[in-house]
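This report refers to the structure that appears directly beneath it.
First chain written, first letter: the chains are A, B, C, D, E and F, and each begins at residue 1.
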């Protein structure tokens, strides 16, 4: 992790980047249950899951979000902060043993009409598994200082 | 945790519920960094944070989301599944030692035009701290089977 | 988790309930060793265990107790508190990959002769695996306020 | 940890030993909640606890048992196995920051009438805090091979 | 984390870099004890430590090494691998609440006489606390491909 | 763990001991990544590792060191303290599922010329896997009080 300062003006629509990948383990499932307090059988009960459509334990949505966004935390931009997220979706389940990475594309960059000196930048984040399937999609909205 | 089956028709706009509360500890910060891989100094470096506007380490947004939503996981509705989340925002920071709970209000319930036999229910989720301040807001969209 | 107040008078002998189930993972074994400080080879050394009668690592008794009792922590009765446990036994080992749940039956309910205003309620707790075998048994003694 | 083989005949009533001590941290509380799935406010909600008789979060009984017994796991006796526990009690609460150790006294040693070649040994275990107060008591029953 | 390929020829003696910092928490102490299995009272027993020269729990040497070296893992050089470490020393203790970072200086770069096509690069690593005191020193020896 | 006081004079060159063994799990890999902050794909990305010479995720060197040395922490010698480590090497990788133990041999014991009243004792530590292969070697230098 390193600091890489960037002002609003330097973000270009269509710019992309791709993170390293990480294998999601049974340990991550257990840690996430213990961290969130959500022990629903869809995540924790292998016998129950055998009787369900997916046939196996599936990741908590909050875990795929946590790890998928965590993978993007590689360089610090001191001029940017998170405003929020939109359109968070989970198109495919994540199973134990899947390997995920995140692909980011800048899809919007506009001056913030309400916050003087700031622009809004939208990063479309696609978390993908080892087969290239998108398992999570969201729009990350950043507030970035203007130069 | 128990199963409480509810069909789409039983959700009423204006219906509310409130979860138990949980104190956010330094341990949660460290666990979340290790789980997400995000060791940004805003969450992990107390000396750096003393020089910043908030003056102290602040929670990862993904952690407030994970625990705030985790607190709502108390009863299983076998007829409902998460479709996604909208308008995820973090109006106030969460500090070590804050105690948070989640308040839920049903704000929308409409037949899903694309998915036969399903309705969409929107739960507005407000995660609040011990002073009643909202630290996270989002709209949780559920797909619920019709009777 | 929710509060469900019950006075002593409402407990009936023969009343039963059954918890959700949870798959015991290798992660739980490692977490429990690190939490308890007990790294005995019966729990942690797969090579040693191949030479032993059970042929595989077996769960710490304290873990089966912790998780088996933890599964029962779904509703809070503000009028009850734990007095203690009797007859804690481990009739069968728990292996990595077993899925356990807990069955509870009220087997005694009597006025406490020493504590005015309280009754003693005994919950017989049977932790069972996916084959219906009891892996842990104990009697949980509660002190419950009289109405 | 080392192997120290002992047959039934070598246990003497009145024999005592004392473990090292360990400070119980807020981390242990959080780990235990996540491990057991028990997030009751008595252990996890500092604001709620301020309104309760003890005034502060108190340890899960299963945690005091896990750590108190874990502290005794220092030497392996290949001729002994746990039969069960009796009279498990929690005379005083354990708070964050307390330092506990375990004192053991052999209180019974008798030939097992049902299991040929074995004796039963009872270890009375007292888990004590830094003020010498007993916070947990139980009788650990061992089956030990006869020479 | 990103890949930044560098051949042996590009390393220059006197080259330096400095990592981000991280506050060492009580949680890290507890996690490290549970991970390593080392529950020595110097790390885990606050009451005992009050009677010792340092007056407080001190970090495991293996933890300062793990976190101090972990802080340097920011960019991947596919042409380099760890050969080993020399002169690992712990000049000052690390206490709960200290904030550490790592400073690296290239102190040697020489062709490896035994491994054709490789050079040896020595990184002198100094882990420092918030007062600038060195708490760990070591020499990290890398094998790096020649161009 | 118990206290076993030994002065410098009691250490003899050629003296050996061997620890218990412990199976290294996927959980240990995940815990170590989260503890150290090192999520390099060599440890965390099973798909990437399939394309590498070893074919599978390999343990962090800092983890093998942490657990290998942790296994030796069985008895406390109040007269000894760690001075440092030399010649830390990793001759073979450690894979998920390997079972490791540590063998120690006293290879040096000499009066410390600079520290009056102390001697230096060198423990050669070999961490070995289930096939008897050395996966880590180092020299642990102790300062031990003279009688």
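Note that a contact is a pair of C-beta atoms (placed from the backbone, for glycine too) under 8 Å apart; a residue touches a chain by one contact, two chains touch by 3 or more.
Computed from a prediction, not measured in an experiment: that's the story for all the values here.
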Task: Maximum centroid distance from chain D, chain identifier (CA atoms) - done: A
Task: Greatest separation from chain F - chain, by CA centre - done: B
Task: Contact-pair overlap exceeding half with C-E, pair selected from A-F, B-D or A-D - done: A-D
Task: Distance from chain C to chain A - Cα centre to Cα centre, in angstrom - done: 37
Task: Centre-to-centre distance between chain D and chain C (centres being mean Cα positions), rounded to whole Å - done: 16
Task: chain D and chain F: spacing of chain centres that average the CA atoms, whole Å - done: 30
- [ ] For chain C, jot down the residues that touch at least 2 other chains.
- [x] 1, 20, 22, 26-28, 31, 35, 37, 39, 41
- [ ] Show which residues of chain A lie in contact with chain F when the two form their complex.
- [x] 20-23, 25-28, 31, 97, 99, 130
Task: Residue ranges of chain C touching chain E (in the complex, touch as defined) - done: 31, 33-35, 37, 39
- [ ] Going by the contact rule at the top, pick out the chain C residues touching chain F in the complex.
- [x] 26-27, 29-31, 39, 41, 44-48, 57
TODO: Name, in rising order, each residue of chain E that touches chain F in their complex.
DONE: 1, 22, 28, 31-32, 35-41, 60-63, 65-67, 69-71, 73, 76, 82-90
